[in-house]
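Beneath this line is the structure, given in structure tokens, with notes to follow.
Chains: A, B, C and D, in written order; residue numbering restarts at 1 for each.
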Amino acid sequence: MKVGFVGLGAMGRPMAENLLRAGFPVAVWARRAQSAAPLEAAGAVLRPTPAALAADVDVVISMVTGSGDVEALVLGGEGLLAGLRPGAVHVDMSTIAPTTARALAARCSEKGVVFLDAPVSGGVAGAVNGTLAIMVGGDEGALEKVKPVLEAMGKTILRVGPSGAGQVAKACNQMIFVTAEQACAEALRLAAASGVDPARVREALLGGSAWSRALEGWGEKMVRRDFSGGVEARLHHKDFGILMDEAMRLGAPLPIAAQVWQQLDALMSNEWGRKDTSILLRVLERSGGVDSGEERM
Amino acid sequence: MKVGFVGLGAMGRPMAENLLRAGFPVAVWARRAQSAAPLEAAGAVLRPTPAALAADVDVVISMVTGSGDVEALVLGGEGLLAGLRPGAVHVDMSTIAPTTARALAARCSEKGVVFLDAPVSGGVAGAVNGTLAIMVGGDEGALEKVKPVLEAMGKTILRVGPSGAGQVAKACNQMIFVTAEQACAEALRLAAASGVDPARVREALLGGSAWSRALEGWGEKMVRRDFSGGVEARLHHKDFGILMDEAMRLGAPLPIAAQVWQQLDALMSNEWGRKDTSILLRVLERSGGVDSGEERM
Amino acid sequence: MKVGFVGLGAMGRPMAENLLRAGFPVAVWARRAQSAAPLEAAGAVLRPTPAALAADVDVVISMVTGSGDVEALVLGGEGLLAGLRPGAVHVDMSTIAPTTARALAARCSEKGVVFLDAPVSGGVAGAVNGTLAIMVGGDEGALEKVKPVLEAMGKTILRVGPSGAGQVAKACNQMIFVTAEQACAEALRLAAASGVDPARVREALLGGSAWSRALEGWGEKMVRRDFSGGVEARLHHKDFGILMDEAMRLGAPLPIAAQVWQQLDALMSNEWGRKDTSILLRVLERSGGVDSGEERM
Amino acid sequence: MKVGFVGLGAMGRPMAENLLRAGFPVAVWARRAQSAAPLEAAGAVLRPTPAALAADVDVVISMVTGSGDVEALVLGGEGLLAGLRPGAVHVDMSTIAPTTARALAARCSEKGVVFLDAPVSGGVAGAVNGTLAIMVGGDEGALEKVKPVLEAMGKTILRVGPSGAGQVAKACNQMIFVTAEQACAEALRLAAASGVDPARVREALLGGSAWSRALEGWGEKMVRRDFSGGVEARLHHKDFGILMDEAMRLGAPLPIAAQVWQQLDALMSNEWGRKDTSILLRVLERSGGVDSGEERM
């Protein structure tokens, strides 16, 4: 199976490298040719346009930033859809709006191309180690066909439902995770205000009903006041925009998520968008006029 | 070490039984003598008043409902403090306000008695199996002294800090847990509104960054629409009252917790206070006019 | 001054009629020619396309629904911008996103056309009576030039600032108003839950510091449980989308507005989008399981 | 009618002076005798205890701070209830919990004394000018009897319902007013973030549907960044505690009020409790990392 790949960023590059390592012939396209150089060195072929890339492969993988990027990539002049052959599959692994995913799937379908939305969780470490969790929306048969390709990049591949369903699951994932971080921040702040050591409170809560990945990993970062590394908070802010747009479109009230979103807005206004989202603790402190601790950069 | 025990409810009875099983001599007092009958049958001695119970033991354990209950038990006529000898220790394992715990510790201290706040997490199962997590606030030496007694009831015993600190940790535990349940409810509701199977979404999120005990256990109950069993929601509602009072006293804003609290208020207004807190899903559905699913009683 | 008018809905039609009444020569364009018939009967000239309408006038007024509608009207094939002459002014009185208003102003400016954003408040009654409040963003000189036209439709015309500023003011207006309605709903609900007559509480609050147009007019509707008439709630829901998008773009947290928005989402999910926004009272009641009162249709 | 008065603070003193001015014989009691000196100079008689004060009058007026103060005043040793004669009326004009008002009314009733809750709105200016709005809960006949006394202090006197109803109305008043202030703050902050002059936005909104006393008076203070004077914010914080306790007791969700309360918590944590509540604008700015403007003290 010949694979095309677009989006050689922090996530995309190691994902493409894993495809090469698994033995797939890989063609790439990059806006700036130089970003493709490491991949070429590893055996990938460079194509001059998305359309040219698409014309020659069975499946295209894309890993870019937002809804607009994917739309331009697929529908633009010299875009993927201008090149993809009937029967080809485009697996978009970016985090975009479910409505955009559905609309693109419909447009692709008109030309006999299958579009799958397949956002991931697991971060850069998961991309490097090929252990991403992949949430897929779209045609089941097409997923079966491209599964070997996805298996070179991820550990669990789960079809959630029809087109857009992968993106809905991803939006839910981001909401639950960041809400758990915010709950940690509120708990640790309350402890500190109450004169109790936040580290001890976190320790007391591990293993019990309050246990979560967020409390374990990101609660620990909060306790150490290390707000570096990790997924950049601005990406979570972007993902909450997708979430709340979808909720508004459906008329589905999300009272807690809406409030977490406002904390992310405050985070952005503090110009902490490139820090780790655990810095929600400092947003909370600052809103209460407490500004003792300096974050590490 | 002779132990007195007060509060033979769903949690307290198995805790007292575990003390007997571990070989401690146990005296009990109960408002209605008949509730003590099973304990007497198992070897406990019945005392006519809290003061009489206290006069004869090295340590008293209490497991009652709210701040007012503990205050009456300790400070009332014929209350514990009228009987406890200098050097005795009162370990209150109820969930009460940190300020009440601090005030009682101060009152006890005047008479040479040590009061420890030691609320638990782990539910009825933890009480029966002796695997509770016990969060302790108060004097370190006294805790060391009574630790063998606590070890008969719990698996992890962690001193969080001075008087009241155990209750602060417990308030944080409840807040993080119920917030995680509410986030699950919002995610699963959004999925359903979006036409995606909530069970699939939950499955896709397990194991990733959104993982929590709430998603695993209570998310599963939501998917099955089984809102029975578990900790009664009205107790979480009560605990949020403690949490928000403490936050107000300290001037510590808890934006997300405040909103979860309103959902618990709505839950109470729906007269679902004796159901499992996972019924927050139905609160959310009903607010949006969706009322398809019937909860099991 | 020759005037072109687009958007002959509940608001637009009486506005155009007021222009005719004031003696301005008015040309209209309508997607469906028949909707222009009453205006033609009153003396307006019908044009076949927006471009044709624009080619012949000094100022165009538009009053349509959303950002997309205005974009299509201005930039579409045979759109206004294809016809407007350098020096002409386009006054868009629709409620749209500030960013869209700014972008359209920039596009118009390239062709020497001035685009003013000029949303209104005052409802259908204000449109009929020519007493609208008009909030204007954009070039001051152009506003002076077209002021006589605006004065035929509104009583107060205030330039708030540069392009987009009128829309920002409108978003603020909608937010403050609907938030006041929600606060009324919460107060009246609390009164009822507390066994106190909501009508008496409202009466006691009139004239004091809690006084607002919302309490006076819409609080009275809530007390009578008459949720008909008025601005359709779905339009407020739409306007909150604009507000929250702008807040997200700027990283400006709006904690209360975000929560009001969720109540509007719940309102939509209850399929009450065509009722008056005072039905927020019933959203609140229903979330608490209280569903005694039937709204009038 | 002989009148006793307790509570000679910023509100109480001018209220008592208005009673003297209206010709009522007034007896006063004060914890520190010197605070009664100006009243004595104006013709009031000083009594050594609340009980002594009560023994000699037909009606007692109290104007103190919180629920605990009123409880101690009525029920304490040498408290009012120890002195009041059957048929006497105690009008408490403090802002306290509805449940406390109801409990005190019941206790007084056992001794043949009528307790009316009669909180006010109108601030110090209203107290000085005798133009307070008085919201009364309790027995209608007793209110008729003491009305001449109340008319010396207030302009509108409205019986809202049975015992506690006056306090419910007052809680609603505070909630609606502070929520309107918070909405103003959010609107003006959004305007500033968007590059639009907040003063112009406020001006554009006056007179329209967004009109409120808060926008007119306190919005103007926000625009001038003058956060001095007015009702101290810590009193609004206290009143929200009453409101949210009542809501929790009733299981009545107040989603917006709960969020405003958190902003007041943040205000307290910033140690701005003695400033005017319009400083909510700065709470919002600070949470977003914006800290340009210095408040006047």
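Assume a residue touches a chain if its C-beta (ideal position, glycine included) is under 8 Å from a C-beta of that chain, and two chains touch if they have at least 3 such contacts.
Note that the structure is predicted; figures quoted are calculated from it, not measured.
Engineer: Between chain pairs A-D and A-B, which one is joined by a greater number of C-beta pairs in contact?
Structural biologist: Spelling it out, more C-beta pairs touch across A-B than across the other pair.
Engineer: Measuring centre to centre, with centres taken as mean CA positions, what chain is farthest from subunit D?
Structural biologist: Farthest chain from subunit D, going by C-alpha centroids: A.
Engineer: Averaged over CA atoms, how far is the centre of subunit A from the centre of subunit D? Could you give it in whole Å?
Structural biologist: For subunit A versus subunit D, the centre distance works out to 51 Å.
Engineer: With chain centres defined as C-alpha means, what is the inter-centre distance between subunit A and subunit B in Å?
Structural biologist: From the centre of subunit A to the centre of subunit B is 38 Å.
Engineer: Which positions in subunit C touch two or more other chains at once?
Structural biologist: Only 193, 247, 250-255, 259, 262-263, 265-266, 269, 287-288 qualify.
Engineer: Give every residue of subunit B touching subunit D within the complex, in rising order.
Structural biologist: Residues 237, 241, 244, 247-248, 250-255, 258-259, 261-263, 265-269.
Engineer: What part of subunit D is in contact with subunit A in the complex they form?
Structural biologist: It is residues 193, 255, 259, 265-266, 269-272, 283, 286-290 of subunit D that touch subunit A.
Engineer: So in the complex, which bits of subunit B are touching subunit A?
Structural biologist: Those residues of subunit B that touch subunit A are 98, 121-123, 133, 135, 137, 156, 158-162, 164-165, 168-169, 171-177, 179-180, 182-184, 186-191, 193-197, 200-201, 203-205, 207-215, 243, 246-247, 250-257, 259-260, 262-263, 284, 287-288.
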